Amino acid sequence: MVKPDKSRGFASDNNAGVHPHILEAMVAVNKGHVIAYGDDPVTAMAMNRFREIFGEDAGVFFVFTGTAANVLGLASATQPFHAVISPATAHIQVDECGAPEKFTGCKLIAVDTPDGKLTVEKIAGQMQGIGFEHHVQPRVVSITQATEMGTVYSLEELRDIADYTHEHGMVLHMDGARISNAAVSLDCCLYEMTGGVGVDILSFGGTKNGMMYGEAIVFFNKTLGEDFKYRRKQGMQLASKMRFISAQFNAFLQDDLWKKNAAHANLMARKLHMAVADIPGVEVTQRVESNAVFARIPPGIIPRLQEHYFFYVWDEERSEVRWMCSFDTTESDIEGFASLLRSSGEQQ
Amino acid sequence: MVKPDKSRGFASDNNAGVHPHILEAMVAVNKGHVIAYGDDPVTAMAMNRFREIFGEDAGVFFVFTGTAANVLGLASATQPFHAVISPATAHIQVDECGAPEKFTGCKLIAVDTPDGKLTVEKIAGQMQGIGFEHHVQPRVVSITQATEMGTVYSLEELRDIADYTHEHGMVLHMDGARISNAAVSLDCCLYEMTGGVGVDILSFGGTKNGMMYGEAIVFFNKTLGEDFKYRRKQGMQLASKMRFISAQFNAFLQDDLWKKNAAHANLMARKLHMAVADIPGVEVTQRVESNAVFARIPPGIIPRLQEHYFFYVWDEERSEVRWMCSFDTTESDIEGFASLLRSSGEQQ
Amino acid sequence: MVKPDKSRGFASDNNAGVHPHILEAMVAVNKGHVIAYGDDPVTAMAMNRFREIFGEDAGVFFVFTGTAANVLGLASATQPFHAVISPATAHIQVDECGAPEKFTGCKLIAVDTPDGKLTVEKIAGQMQGIGFEHHVQPRVVSITQATEMGTVYSLEELRDIADYTHEHGMVLHMDGARISNAAVSLDCCLYEMTGGVGVDILSFGGTKNGMMYGEAIVFFNKTLGEDFKYRRKQGMQLASKMRFISAQFNAFLQDDLWKKNAAHANLMARKLHMAVADIPGVEVTQRVESNAVFARIPPGIIPRLQEHYFFYVWDEERSEVRWMCSFDTTESDIEGFASLLRSSGEQQ
Amino acid sequence: MVKPDKSRGFASDNNAGVHPHILEAMVAVNKGHVIAYGDDPVTAMAMNRFREIFGEDAGVFFVFTGTAANVLGLASATQPFHAVISPATAHIQVDECGAPEKFTGCKLIAVDTPDGKLTVEKIAGQMQGIGFEHHVQPRVVSITQATEMGTVYSLEELRDIADYTHEHGMVLHMDGARISNAAVSLDCCLYEMTGGVGVDILSFGGTKNGMMYGEAIVFFNKTLGEDFKYRRKQGMQLASKMRFISAQFNAFLQDDLWKKNAAHANLMARKLHMAVADIPGVEVTQRVESNAVFARIPPGIIPRLQEHYFFYVWDEERSEVRWMCSFDTTESDIEGFASLLRSSGEQQ
């Protein structure tokens, strides 16, 4: 009876629905009573799967949103007089309505980057006022993998950042809202790119890759997560009917569904890139390493395109747009859009 | 493949699953792309239903949990130097791990009550230090309907509290985690018991009455909710795939499903009450007006009962327990439990 | 040219001015340049004096107000999901406009007491929900010495509370706004009553005992104060011209000035007690163990008394008033007031 | 007996002591009892003086520090989802250990400037995401007058910023830690440069210009300051013995002492500028418009200079130093330092 908007597009991987396997898993656990708040067998199974992936010592907690995973993860590693260093384009900087500052009390230090990626040099440039009481004290380095610009840190880049971070007594947080896309891009396993290179706290994303709701926080250093259950509840992120988040993760992690979904989205982005690369007036502005394509296009054609395929303008001044692919993007979406883009450009 | 714990019980209405109609509605909206974060037709329909119930001027927002509904509702009406007056048994006082204090900065003033219900007299007793800068300033009265003790405020009691609250320049918040049970108990419509008597901010519960996740905040005074969208996002409560909360509410509010579920749970509680009332050693301690039964029972029999039917000890010292009924409690649950209780008592 | 109100009274030890020796010390250090924010010889000397009194390992920090000493002291020992247990009459509960909640995020648990003093039994009654994520976790026990009711904990009472607190993994905070009065009352040295019995964090008061402004926070467990310099600055409590606080403490701690001032105030309170004890209609309600006298007096005479000697009504309902003596209260203040009280009572 | 460090220098106007007239005024009010917390005649007189200067409608409050004036001023105009736009060099950005974020919950947006001064264009560049719930909402523009770089906004520049700020529904905050120096520099009265051009909230500084402690917050829009007394107390900034702050302001504002002190400091800075301008290897980097001189000097000579005259390196990489003059800087300080600088440069 409800008729969802039929128009498809490239606005966000959040505009997609839920992968059928995940929805089936949710339906399947809707039987009888289980203890609320996570003390149930569905959740126990999900915890086991996470520990198989991230190690026996990993502390794992489910929350509702990626913003919550980031914010509560940062809160667990900081005191209010600390600072968090991250790229200026980070989700924690520009898309969380100040939740990190509000909840942790910390200052977020925004570092300009051309591609959404921090480097050791850029971090080092922010290590000021150490031990000086008038200054906030850098305590967390937060990176996003894959970045908000669709780029992906190499394992070596990650290791360098982790080493620098630890040498300076700091903690490395990874916003993995699109971690699956990055793992596929690097062709590595999830641990290799996180705990394996020295990440301390991971926001592990599910929603942008086919889940309905629910993200995980993984502490590789268990001590950091020791009190996290209180922080989660106080952070208004403890699900009463937890089994329905856990069931989603069980399906997500089974038979490599996470990987298949991400591989598909990445492939669609590469195809989109190829399909538009030679269109006159279109300039792809970032390396296409995950499921996003950034491009400058003539501003005049944007409204027409958006009538048929919704997407967001990233930087109005530069007429730069972002096209996101998701697990359910189809070849025909790509073809239709590229063809419309090509003809729009020509009509200009 | 996942096998939920088969043991049923009276621990919490959160231990139940999801009503089939609601789950079907969620499955039904899993089609194609819609704009994320609530700008979609499923959510538009839900908003309309809420406005039909609570009035055209109501400001309505969905969040994930009841704790979030309470905390963000309080935040929208307070400055950090304000105080919130509520019964000592309120969920905001004892079950939210300090989230209200952390998020609003306010002091919560706990008022002892025999039955979980504030009265004008009890509120008046807390109106101290008004205008005196050393004191927090009372700003919100928060009541729970039905209360955490299973009791229900009458419409007259609510009106008295609302009038006093407004006469003193304060705001009335209602924690309606079990609002459906209260409406059934009073045999009134949802508006009558909320906006109709003068409630300003309502936490409207769904999860404890058959939904999977999702609660609503209703502002009867629109100005209070003016900036709420920012507060919700900053409070880490904005669902990206909002349609799946909205679909739940659409089903919940259709064909009086909310009322049927609550009526059933209340009926089961009354039956449980009747079934145990005459068992020697069992003393029901609160009026059974919604879906909870509180009783003192011999401490020695508790472990044996809990082996078969899980429930919580409310007050260890008094050996007082709480039995919650839910939309899926069956007559056979009641009979089985009452019979076990009777025989356990006799064996003592 | 400015003419301070000549009327003297018993309103507060804050209504008194500054002891001449202290003012002289402030004037004396007003010479030349010194490094701001505490890296100066006057402050170094004050630090030494504090360490002589409280031990070489004590961490000592100066702040502006007693509220700040309390709040920042609590902040240094807590996470936002912790709880602080204190008497309902504590300054942190009723006289700091919610600053502890706002700044620490913690819930403050108020315990009713007849005399402003916690006991092990009363603390034990609040040790609920330990390890349960829905509950705040008790982390600090905060006591006031001398209490807000003018009573004084014995060394044994303090030791019992400290032992219980530590056995339960908690931290003991002492609000010592009137610590000098308590030390005189117990005839013990400052360390004996604080670090000596197991206090972990001490708010050491100066302003109510003859200083102009400035209080100290003493950490007996140095680890707790490790990062305190950042917390103080972020708490807006770092004085730029620190030498003027330090000079006050140097004078305060020299030649037992703190003790002389407190002994005088205590003596005046005892004399006041004796002078009013037999007046009909006057009932002293608390033991007079420091510099406060609490009494119930006929409500009708209060306005007339207040015309000549300002003081505060503590509890309107009970017609209970508080009379504070200070380092500059005179025998003639006592005599004048007692005589007015006697005659007022007779005229009634 | 205490021997303040005899070495003078150019480190900070906070390293100076207290102007004798101000100290005398403090001594003069140390008589008898007055009501604590500001309800006293000394404070009433100070309030009158402020209102004479800033208008009958101004709301005026005293606090202890400039950081507190800034932070509590910002808090009174913001909700936690708001943003504050200021230059990257602002005290609130780099010298308050994150107090603004901690206390307000807001994000601070740092804008790069060559001279510490915002412009309408630079503010406009930050007006992003307006009405978009994922973004913090710009609410306050905060400027410093004189700036942290020693420069001074002209009245026209201020008016332009104020107009833009108000047109966009925002509030203009001025950090006036060195407002006296700016007023002297512009040769205008205090109101002309603040309320007169449209400043809404002013942090009015005293300590850097000859006071011992104490700053004022002035609300030109009274509504903004309506509840400020609670915010001040909760912000741990309510002085009990308020008369001693008020006495300082009375002296500061009498017979133009504030102006004389500032004029002297500004003159000394100009003299220092002239004395060093032609020294080889010395490059003055900012316009000398108040009491600061910024210069790049050869890094090799810095340690030797600091042995005799303490000052801070502002930017190590650029070998840029800051020399502050204060109300008690002498011509001989200038001559001695300039001569040492000249000879140090030559010896290199």
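For reference, chains read A, B, C and D in written order, and residue numbers begin at 1 within each chain.
In this text, contacts are C-beta pairs under 8 Å (C-beta built on N, C-alpha and C of every residue); 3 or more make two chains touch, one makes a residue touch a chain.
Remember, it's a predicted structure, so these values are computed and weren't measured experimentally.
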Tell me which chains count as touching both subunit B and subunit C. A, D
C-D versus A-D: which has more C-beta pairs touching? C-D
List the centre-to-centre spacing of subunit A and subunit C in whole Å, with centres computed as mean CA coordinates. 50
Chain centres from averaged Cα atoms put subunit C and subunit D apart, in whole Å, by 33
Just how far, in Å, is the C-alpha centre of subunit D from the one of subunit A? 42
For subunit D, give me the residues that contact two or more of the other chains. 37, 80-81, 96-98, 102, 133-134, 136, 230, 233-234, 238
In their shared complex, at which residues does subunit A touch subunit C? 37, 79-81, 133-134, 136-137, 227, 229-234, 238
Can you list the subunit A residues touching subunit B in their complex? 1-9, 11-12, 14-18, 20, 23, 25-37, 40-42, 45, 63-65, 67-68, 71-72, 96-99, 102-103, 207-208, 212-213, 230, 233-241, 243-244, 247, 250, 310, 328
Help me check something: in the complex, which residues belonging to subunit A touch subunit D? 80-83, 94-98, 101-102, 105-108, 110, 129, 133-136
